[in-house]
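Here the chain labels run A, B, C, D and E in written order, and each chain numbers its own residues starting at 1.
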Amino acid sequence: MANGADVSEFDLECSNLTKRFGGFTAVNNISFNIPNGSFFSILGPSGCGKTTLLRMLAGFLEPDEGDIRIKNRSMLGVPPNKRPVNMVFQHLALFPMMTVAENIAYGLKRQGVPKAEIAVKVQSALDRINLPDAGPKRVDQLSGGQKQRIAIARCLVLDPDVLLLDEPLGALDLKLREHMKVELKQLQSQFGTTFVYITHDQSEALVMSDQVAVMNNGVFEQVGDPQDLYYNPKTAFVAGFVGDTNRWKGVVKATSGSEVQVATDDGLTLTATGIGQGCKTGDAVDIFVRPESVALSRSADALSGMENRLAGQVKNVLFNGANSRILVQDPTNGGEIMVTLPQTGEFNDLRAGQDLHLGWKLSQAKCFAQEAGKASGAEVA
Amino acid sequence: MKLGNSSKLGLLLLMAPLLIWLFALILLPHVDMFFLSIREKVAPRVYQTSMANYMEFFNEPLYWNTFARTAVMSILTTAITLLIAFPISYYIAKMLKGRMKAFLFVLCLLPFWVSELVRTFGWMILLRETGIVSSTLQWMGVVDGPIEFLYTDATILVGLVYSSMLFMVVPLVSTLESLDDSYIEAGYDLGGNGFTVLREVVIPHAMPGIVSGCIVVFMLSLGNYLTPVLLGGKDSLWFTEQIYAQFITRFNWEQGAAFGFLLLILSSLIVWAGLKLSRQTLSETMG
Amino acid sequence: ETLRLLTWGGYAPENVIELFQKETGIEVEVTKSNNEDMISKLRATGGSGFDLAQPSQDRIAGAQFEHEIYKPIDLSKINADLFIASMMDGTKKNTTVDGKVYGVPHIWGTSGLIVNRKEAGSIADYTDLCSEAVAGKVSYRLKRPTLIGFAFSMGMDPFAAYDDTAKYSEIMGKVEEKLIDCKSNVKSYWSGGDALMNLIRSGEVTAAMAWDTGGWKLNQENADVTFVAPKSGALGWIDTFALPAKTKNEEAAYKWINFVMQPKIAAMITASAGNFTASKGADEFAEPALKKQFQDSFPPEAIDNIKWYPPVPAGLEDIEGKVLDRVKAAQSN
Amino acid sequence: MISSIPQSRTFRGIYAAYVSLFFIYLVVPLVVVAVFAFNDSLFPSLPWKGFTLDWFFNDTEPRLGVFHDRGILKGVGVSLFVAFWVTVLSLFVGTCNAFLFERNSFPFKNVLYVMALLPLVIPGIILGISILVFSNSLVNGVEDLLGWELEFLRPGLVLVILGQFSFITTISTLVISARLRKFDLSLEEAALNLGASKMTAVWTITIPYLKPALVGAGIVAFLMSFENFNTTLMLVASDSPLTITMFDRLREGSTPALNAISLLLMIVSAILAFISILVQREKGVK
Amino acid sequence: MANGADVSEFDLECSNLTKRFGGFTAVNNISFNIPNGSFFSILGPSGCGKTTLLRMLAGFLEPDEGDIRIKNRSMLGVPPNKRPVNMVFQHLALFPMMTVAENIAYGLKRQGVPKAEIAVKVQSALDRINLPDAGPKRVDQLSGGQKQRIAIARCLVLDPDVLLLDEPLGALDLKLREHMKVELKQLQSQFGTTFVYITHDQSEALVMSDQVAVMNNGVFEQVGDPQDLYYNPKTAFVAGFVGDTNRWKGVVKATSGSEVQVATDDGLTLTATGIGQGCKTGDAVDIFVRPESVALSRSADALSGMENRLAGQVKNVLFNGANSRILVQDPTNGGEIMVTLPQTGEFNDLRAGQDLHLGWKLSQAKCFAQEAGKASGAEVA
């Protein structure tokens, strides 16, 4: 797009990137541009090619086809140590034989920055990540979250055009990960550096990013802001992978405008909004309904306004505070539906074995052409 | 991943030391030794190619008796060392923690840090007829005359087992340490007792360590010279002694080379059989 | 500058080395060894690695013929006046190969018996070592002198059979049998002179076949122990000077030879080694005690009875080697 | 079985007794050697004739102390020289091998790897004689063909060093490889990513990481060289390393000077062992 | 309680259990009873003594004081291999040198069950965990979740009175963990065995358990069902540790009944419900408010019914589908409050920088005596 222009609004532009390993295409003809100073995430399941893509950006792999331009300069043939990008590795790769300060100073030393200046820069980096006294510590004296921040500081002190992050939170424990999500986002806006962040955890991508690319089998299925991906998925894969959801497989029986009548494999008839191609009569489709979109009621009447209605028995109450759900067993076929309990606390007294009515609107059931075979995603049931 | 494209030249440079080492110091010398071994001395300064030196080994009971004796004693040494070392290694690896563990482990290494000659020397001082053991026994009144403990097969075993201990303890301790306590606990938790857990969990896990320890101990015993010579006295004829004798006191390099080769082949066979029996491979156990 | 000397224990005592260095500035580096070892070392090095060796006179010709490890001696560089002429001549004769002389004499002595007279007074010949009286308290070397000694003591003449391989093999066969038989009597086969002396000192051994000098040294500590010339005759040897084929410091070697053959120096070596030298006039400086011991051990008829080793023809050692191996490997009962 | 499994008191008692006996077995010969270094007697055996330091410090025969014994001092010197070069060479080649095997793939890699392990299972004496035979053929061949005298390939210190190097390298290769295998390649990538060249990355990151293995392998190499007998015996000429000197002494009949030098060796070895443990345990480089 | 009775309604009864390591008391005088066939969780932060407690139950540690009774039989002095309990280890401890079937058969063999019977039992166990063909596989050929199930089957095939589980999900990745939570609960009800499950992850404990004991510093702070713990915490520690929450520190200014006026350290005045002792005037207290209890409004008026009201600026929108939150910066002091966005989607268009009004009811702000020093818990801000 902006190719050829002298000054670009994009820090990073990739065009038609392809990488093959033997006969296997790990990254398949991907193009994208990342605006200056934004937080860009690449979200996809394990093995979809995220790391491969990132390593091409860092220069550890040469693309088979396509071009990578950073600040409008092609990176083809530029070795990793000459690229204006830095990378935060999955396991951080902090140098264990050096102190924190030496770690941060490493890149500056390589650039031949004078000693005195290095000391100043290192200290200011430590200040900015809120660890002013960590300099003389050994790496193994730090907690997981502190290491995380040091790894980022080690890169940012070099003032890269683009910072690459390969699932940097993967190794942290649950609580810390929650905390670091918020912190990382804040660091990014504070430094103003462009972040390219890869993860297979949708909540990380959603919480932190300005833009998210959902990747699958070496291609980007959809690129957009988090709300966009969550509320308007363009493909079955995105619908299944981003956010929790219930999924039914079925065959289209009839259509009327974007409204689709589907007979599911387990014998229900559901009405959904068809999206994209492949929701014509006779097509095999997937239907997705988010657990929070399903309305609960003790009586069938209250749900009369809904296009889809079911009755079922509570199989399991998965109490989790504000995030509680129930597993409702569908009487006709034994299939299960996951439903989020309303925050109002209205159904807090539900117990396993009770009967319940469920319903959801046409607009909240999304119908997509079925994914090719294997692909699954993150559906709960 | 490859860091940069390490060129063919770089690879070759990196490989050069290995190739020089293996070819100039291991492979070619053995090939040459083989050629020497098939050279028969028919008269002073007259040689011809033949297997005579090998035939000599099989025709002269003295030689293969010595060989068999050496092999049997080495296997015995290996077995005894394993039996003694296993409980010790287990104790160090699993029953001790922290400082005591490190201390005892280092203590096990102690004899190794001192040369074999010194160790054997110590045994000689202890075991000779006028030595400490004999004198102590007399002083305690257990025996009335001095006893010679040196120069018997048992003494050789004592010395060999002593020298071998380290090479058994180290691999055993490290494999046993790598066995997480929770496997043993799980074994008990599921109803096992000391014996069954040992047999079904601990020993299978320690197998690579056991095998590598056994190989090293066996080879070291087979190839030992000092201990049998110094502790063995008049009845000990160790096969290495035969090889040395051919080289040093008989100046018969051809025969010595043939013996060397036989030792190599037979020891390889035994090690190979051991590996097969225990279903291990050399690179797994040693590497 | 150094002189690398391959020799026997006691042949190059510290005090002599110091004097030599003072006089010539040459350092002496001593490697202690024995006949077989000298030959095998020189064989392995192709005659390099040492500047001067001291094998026995009978072991030079055969080794030289087979392995060419020595270089001829330039007799003009040797001060012949320092040598007892008869020994010089005998040695020259025995060490000549292809008309070239490879050795000059240095030290001579005998092998015989060392006996603790109190406990093993009955031992008078090699074969007596196999008697019940000294069971378990006997030591000898598993080396060729033992084979020769036993052969003589068993009434055979191995030297006469040197040129008749078959005959020699037969003799050795008998000796082998005897030695295997005798094995249970043996405490251990000694390999170094001092080691044997320690065995006798501690009382673990009371009778041994050994060099005369050891017996005399022990005699000074314990009057019961002494060297006895066996009935069948002591075995007489002469150790020589021989030049390794690739000696690097020939000059120093000649200097050393001429230096140590001076009577006074030779006497110092006698004091250390315990044996007399081929140095003319060294007797005069030798300790009277040693002379006395010599005379005690060697009444005139015993001197006449000394069997001097003739040169060993190449090939005999293979026969002996196997005999020795079999003896070593045999189980004592 | 382990501390969390209750065991009967008797069992634990017997086990502890067994372990104690074992350590007595281990220590006694060394203690005996050490103690007799102070025996005021001409040979290292009972009876105890009183305490003396002569075997260390006396300067006259026959009670020549080690510090005045030229043969032994010379032997120590030679051994140090040999051990130094064996250590340097085997560390260098071991490091190359580790990088080669852990970082590269090439034809016949497995064959070469097994070959590199072989010296561990070849008896030392055979290594010694094969190298002796081969160098002999080589020297004689070259001399016959070209008339050059390759003196250094005759038995002597060069061959001793090569002979020991030939199997000690296997050990250093194994020790260094084991550590390099644990090295997280992303550390090197991180260095590249931070602007280091390939060489700089290896030098500033990988080599420091290997340091404990290098020190450990170095100490092991040094000690193995220092105490090697079997291979060395076949390859020495006039310069004998200490073990050979000591062996000759022992065969000849020894004085307690031998105990004295043994005691000194033990002390030095213990110090080296201590250093290597300290280095291996050094925190932050686990 | 039921001590002495012949048949007990409790599978496991512990009384006054204490374990010390040197001077340190890891488990401090704990008593509890677990009803037959229930799923009992012990939830607490790292180092609180959970594993110590569990290992006493399994027999790997002897208690210094107190008694453990299983099916009314004292376990003191009974070695681990004689106890009717089995344990699923944190890292599973599947025997790597055996096949899956051999692993499951191990305990049966030890009991001397005949071979043929073992084969039948193993197969039926494999069927019940839905891995009917896994028998001949090697352990390292299984995925994490499969290993998990094998480890459980290996114990359950022995039909133990109590199954102990030491953070068995800790090693799994996020998605799989979510899935296994549900599956574990189902396995438990299917087998009907009493489970004692320890974890430091509150969502695991809440979702799966019939009863949860919250443990801290070697003691049980509160035992109850999940709802109870979430909605009626008895101590500051429980309030902070179970579920996400906002926390303020402050001092009580005035009280009226259970209503407490608190001046927080950052200068607000809040009204909260005082719980337990230690909420008297002048006491140092903590106030907890859950993110989902805070009502949002664009105008101050709409919140007039709430006892606590604040105005603030949106600092960060943490979009995460149904689970989105915002971080609101308190204008008076820069402190931050985490608020869950309503599921209604009413505030989905909020952007960072916008002004907002917040409010919450007296009943939703809980006031506790301050915890001793260090303790923290799980507050989000």
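To be clear about the criterion, a contact is a pair of C-beta atoms (placed from the backbone, for glycine too) under 8 Å apart; a residue touches a chain by one contact, two chains touch by 3 or more.
Note that the structure is a prediction, hence the values are computed from the model and not measured.
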Chain B and chain A - chains in contact with each: D, E
Mutual neighbours - chains that touch chain D and chain E alike: A, B
Greatest separation from chain E - chain, by CA centre: C
Of all other chains, the one whose Cα centre sits farthest from chain A: C
Chains linked by the largest number of contacting C-beta pairs: B-D
Distance between the centres, which are taken as Cα means, of chain C and chain A, whole angstrom: 92
Centre-to-centre distance between chain D and chain A (centres being mean Cα positions), rounded to whole Å: 55
Whole-Å gap between the CA centroids of chain A and chain E: 27
Interchain centroid distance [CA atoms averaged], chain B/chain C, Å: 37
Chain A residues counted as touching two or more neighbouring chains: 60, 79
Chain D residues counted as touching two or more neighbouring chains: 4-5, 45, 132, 189, 192, 234, 250, 254
Chain C, residues touching no fewer than two other chains: 44, 202
Sites on chain D touched by chain B in the complex: 1-5, 7, 15, 18-19, 22-23, 25-33, 36, 44-46, 92-93, 96-97, 99-100, 104, 106, 110, 112-127, 129-135, 137, 162-163, 165-166, 169, 174, 177, 185, 188-189, 192, 198, 201, 223, 226-227, 229-230, 233-234, 242-243, 246-247, 250, 254, 258-259, 262, 265-266, 269-270, 272-273, 277
Interface residues, chain D side, partner chain C - complex: 43, 45, 61, 70-71, 74, 132, 136, 139-140, 149, 151, 154-156, 234, 237-240, 248, 250-254
For the chain A and chain D complex, residues of the former touching the latter: 58-60, 79-82, 85-87, 89-91, 93, 95-97, 106-107, 110-111, 138-140, 154-155, 158
Of all residues in chain D, those that touch chain E in their complex: 4-6
Residue ranges of chain B touching chain D (in the complex, touch as defined): 1, 3-4, 6, 11, 14-15, 17-18, 21-22, 25-30, 32-33, 36, 84, 87-88, 91, 94-95, 97, 102, 104, 106-119, 121-123, 125-126, 128, 130-132, 135, 162, 165, 181, 184-185, 188, 194, 197-198, 215-216, 219, 222-226, 230, 240, 243-244, 247, 253, 256-257, 260, 263-264, 267-268, 271, 282-283, 286-287
